[in-house]
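What follows is a set of structures for review.
Presented sequentially are two complexes of chain A, the first with chain B as partner and the second with chain C.
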Partner chain A sequence: MTTTPKKPKKLSMKARYSALTRDLDWEPSYVEFEKLYPHVTYEGIKIHDWSKWEDPFRLTVDAYYKYQAEKDKRLYSVLDGFAQGQGHLTLSEAKYLNAMKIFLGGVTPLEYQAHRHFAYLSRHFAGPGPRFAALCQSIDEMRHCQTEIHTLSNYNKYYSGFHNFTTQHDRVWYLSVPKSYFDDALSAGPFEFLIAIGFSFEFLLTNLLFVPFMSAASFNGDLPTMTFGFSAQSDESRHMTLGLEAIKFLLEQDEDNVPIVQEWVDKWFWRGYRVAAIVAQMLDYMLPRPVMSWKEAFELYFERQMLDGLFPDLAYYGIKPPRFVQQAIDEKEILSHAVYWVFYNFSFAANFTTTIPTEEHQAWLKQAYPDTFEKYYQPRWDRAKEIADDGGRFFFGGLPQLCQVCQIPMTFPEPGDPTTICQRNSEYNGENYNFCSDGCQWIFDREPEKYIQAWLPVHQIYQGNCGGPSVPEVLAWYGIAEGDNGEYEGSLDHVNWTRWHAQQADITGAHPDAQDAAVDAAAVKEA
Partner chain B sequence: MAVKALGSYDFPSRSRQELYGDDMLVHVWWKDNPMFCAAATFRAPTAMTWADFKAQMIDPWAGSDPAYDPAFAFAWGYDGGDFAPDEAKTLAELGVGHKHTISMAAPRT
Partner chain C sequence: MAERVAQARFVSVDLQETEDNRALIEAIVADNPDIVANHFPGVVKLQSATQLVVKRASVEERLGRDWETHEFQMAIVTVAGNFTEWDEDEIVIAWEH
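Up next is the complex of A and B:
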């Protein structure tokens, strides 16, 4: 009797994952543990058993690349189709893209930063589970950075403000807000970073940050952004699970970790919430077709899902809802109005334009914010319109006072009083520092040595580090070109948009712009 | 609470006054005009008189709102307290400090 040799047994997914992670770990023999992993103890976090880290996804590298390649294929075919079919002309309006200009400069570079830092964590965590999870997230973040750039680069051919986003991320005043958030996290220890990005950013705020962007894209005809959003969404849910796993792991390892983690939750909630203010104004003001108000989004994604859903679970470990969460809840009625007003004041120094909301849009704001819009904010728009009707345009003819921590112009009101700006200050080593809120002041007072180093754009301009003392010199240093900034009405994007649609409507070709259309088409081809 | 770090952690402020030479940063907050989304920041010589500071810095900025009247008798404040600036005195003599805040508003009637 002959026997055929046994086929090698195929490992189950779980066994493969275990082989891929656990079996690649070893005990150091000729190097001390502390020298191999020098970053895992100084924050005071105690880990007794790294093997208790459970990765709920157990994704292997081959499976991972297969999924991602499929998603990329789908995205890039949508991008091609959209570009070939002049899809940009079917957007709700050119001014919708102001939101995407902010996204490109504000969010895309953060993906890259996250990619870098998760790569660092994948070296420095002392357990194989978290190392491998960090490695996968690092690759995800790189992919997000690339797909976002490719998605939005299509618009760069036709619209202003997209052309210089990496330099602008490092230089432009409002982009210092998301940048400083990440700089703060990157310069913290590995566990604090995990709470800052893995938990606070990915878990508490991702839905607030990304879901509105993607539904906004879909409602406003931006198929590429919507597709990229879906492509990233499955990664995001994996990152959120990782963030939750991370916090539970830290809390379960040692009771002494609880107060440390609580302070990080407190700090990073408020830091992240302040960054989310940029999303708030995008939702309520920048979408020609609004989707849902910031207030509704905040109530659904934060109050319902996080405060009512997640925090009762964390209470079991002794974690309380973030300090200052009540102030964030109280601000939901005013946040977007205050922040868009800042942008309206300062869009002469930005890579996007702003404008007075149309009457129809103001009617929408009124019903979305029955208690605040008409009473506190509509009078400003009425006054801005009066100035515009006289041939002017209201801009803030100077530089604003910035919060030392969040770096947003100090615009937020006193809790309970929308008519008075909140001002806080602390003295440290004989120097005065200013803050927009109790939350930012508390963060500063915890670690003043860190925040005294903040690169505040206004102060840097005054120190002569930003191209020169005048606005045109600073704009040149920012890489902001004519047509990128200022008022939307009459801007390059607005003029082009109007012209292109007039051409489309003009089937006989009699319109004087028909000539220009041929010239434009040739110019685009050449480029 | 100090920063937890691997090594020593001691860095200077990135906006300390010496970086501005004989000048300093002064914030001006027009409290009852919501058109201005925040207080403004100016770089001003510590030896500048109040009259010059007002004419050369506050007036052009506040004039962003066409309704601004430079001759209007504002009630001034400094870091939350009252402030009665003498036109001929310098900012230093008036006790204005680096990165502190001067406020202006219509007098309460």
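Up next is the complex of A and C:
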């Protein structure tokens, strides 16, 4: 078929965007500029012409709401159908949801914080282009927070670990990793926040969180998560564009901005990359049907697209790849194994369970990590299995030393030596501070006054601020309920999963007693 | 460890692989001769060594209805490159320097 040419519109997209965003701005006449926009100079960033900010999406309010409403409609019809059709029983396995418990406690509250802070930017930037882009992103982030809660609330009806995520975000040891990362950004100036979250997180690293993970949700039968993930990700491409425009705008405005931006890129790449370690272990260990290893995802979405694609563009402005990028590349075959081992050791104090990877899963890990898994990590799992087969289950008995900056326990190896744990330290005002890496130490040494204030979960427990000195008291303060934590095999979720599938198989209902066989077997074992 | 060697640059766009997006994906493949398409669960990744162009007319021809370039936002998952052009008639994704 042939299409007829479009009827001429009254305004082109460019003219419409200009009329409906830029033209609504005005020059203040009875308030001084510095009083209207008090936060845009103290970071040392120089802006000469705010109108040079480009928005390639040329989004206007009417178009924005039209498409966002359509995205929500599509998502909520999927959520409804999945709930109505007992979709949770078609997941690959109940243990898959451990990844979603981490997502809900670790990521969803950050969406809300991003909503708040982009609203602040949409007030305080001194140009209508970035203000409007920040306003749209602020509303997007609220939508992401809400859709994530709605998506995962259906699982909360049937599974443990989802019920208390907001309190846990503020209290549980491993959730202080994403929380402190975002608090670090929120307490920075508006331009640093833009480079921290808009550029370094949204552009450089967000693909590693969402894209492989949503493909994994699709592969593991989690239709709602796949749908909300892709729905959020369609906004994400707009956020990436904002982040990229932001950095180019700052670099083009004044040459003096270049060294400031370079240090922020160096800092925020490393901060974001350390948080992404949690994603690495989800991809490699928590998916019963793995899709893409961390190493593959990192090579494709970071090395190929960012280092080979983006950074030659930024070199034009004098920006170099992030300072500690080589260390991240060197860690790609180590990262997930180190972090999941920590989770295996400490899941008695978390809102999720862990277990030894199955033989089949270990065979996949061996394929994905031919140089490291069999040599360094398989022997650990062999040992953990021996202990488990003898009727024990190994959990770590003490509390770990945390990194003062990223707040991850000391678990990362020395560069070039996977068998030695790296630890660095700096002295400040007569106190000793510990770090997991050169990157985190460098970040601390730049701004020690900021990081000495860190709320480190282990220190807080020792100081008596977390419910009491014993493990049960701390878990009660965390709001961990029976079935949330520990080992997956034999856990409440595992037992229920087995029972529900036995019920489905028993189509005549001839053996109603047998339906509870799994529960009874577990009870007998305990007795 | 050895410094990594940079590899050839590409621009890319990842789209949700749905029935709604079939016409869009076909149009992009037809309009970009050096395109490479990789399929992941739920997603198709379109890559090009030069640039990627999305033409309204090509999408409409396959879709059999009017299509505005803003609708591209419903399909996109992620992008590597800049949107160097986005108007009524086409979207162009390329690196700038």
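Here is the rule we go by: the second predicted complex is superposed on the first by the 497 of 527 C-alpha atoms of A that agree within 3 Å, B and C clash if a C-alpha of one lies under 4 Å from a C-alpha of the other, contacts with A are read in each partner's own complex, and residues count from 1 in each chain.
Basically, a contact is a pair of C-beta atoms (placed from the backbone, for glycine too) under 8 Å apart; a residue touches a chain by one contact, two chains touch by 3 or more.
As the structure is a computational prediction, the values presented were derived from the model and not from experiment.
J.: In the overlaid three-chain picture, which partner chain does A:83 touch, first (chain B) or second (chain C), both, or neither?
T.: In the superposition, A:83 touches no partner, neither chain B nor chain C.
J.: Check whether A:449 is in contact with chain B, with chain C, with both or with neither, and answer first, second, both or neither.
T.: Once the two structures are laid over each other on A, A:449 reaches chain B alone.
J.: Identify the partner contact of A:119: answer first if only chain B is touched, second if only chain C is, both if each is, neither if none is.
T.: neither
J.: Which partner chains sit in contact with A:312 here, chain B, chain C, both or neither? Use first/second/both/neither.
T.: second
J.: Go through the superposed model and pick first if A:61 touches only chain B, second if only chain C, both, or neither.
T.: It touches nothing on chain B or chain C.
J.: Which of the two partners, first being chain B and second being chain C, lies in contact with A:388: first, second, both, or neither?
T.: Neither: A:388 stays clear of chain B and chain C.
J.: Examine A:186 and indicate which partner it touches, taking first as chain B and second as chain C; both and neither are also allowed.
T.: Neither chain B nor chain C is touched by A:186.
J.: In the superposed view, which residues of chain A touch chain B and also chain C?
T.: In chain A, no position sits in both the chain B and chain C interfaces.
J.: Provide the residue numbers of chain B that touch chain A in the complex, in ascending order.
T.: Listed in rising order, the residues are 1-6, 9-17, 19-20, 25, 27, 29, 31, 34-43, 60-61, 63-66, 79-80, 97-101.
J.: Which residues of chain A touch chain C once you look at their complex with the stated criterion?
T.: These residues of chain A touch chain C: 1-3, 6, 9, 12-14, 56-59, 63, 67, 70-71, 206-207, 210-212, 214-216, 218-219, 226, 230, 233-234, 236-238, 240-241, 244, 291-292, 301, 303-310, 312-313, 315-316, 326, 329-330, 415-416.
J.: Per the contact definition, I'd like the list of chain A residues that touch chain B in the complex.
T.: Touch list, chain A to chain B: 38-39, 42-44, 189, 338, 341-342, 344-346, 376, 379-380, 383-384, 387, 390, 392, 394-402, 409-411, 419-421, 423, 425, 429, 431-434, 446-447, 449-450, 452-456, 458-459, 462-463.
J.: Can you check the complex and tell me which residues of chain C touch chain A?
T.: 1, 3-4, 6-12, 14, 16, 40-43, 57, 60-61, 64, 66, 69-71, 73-88, 95-97
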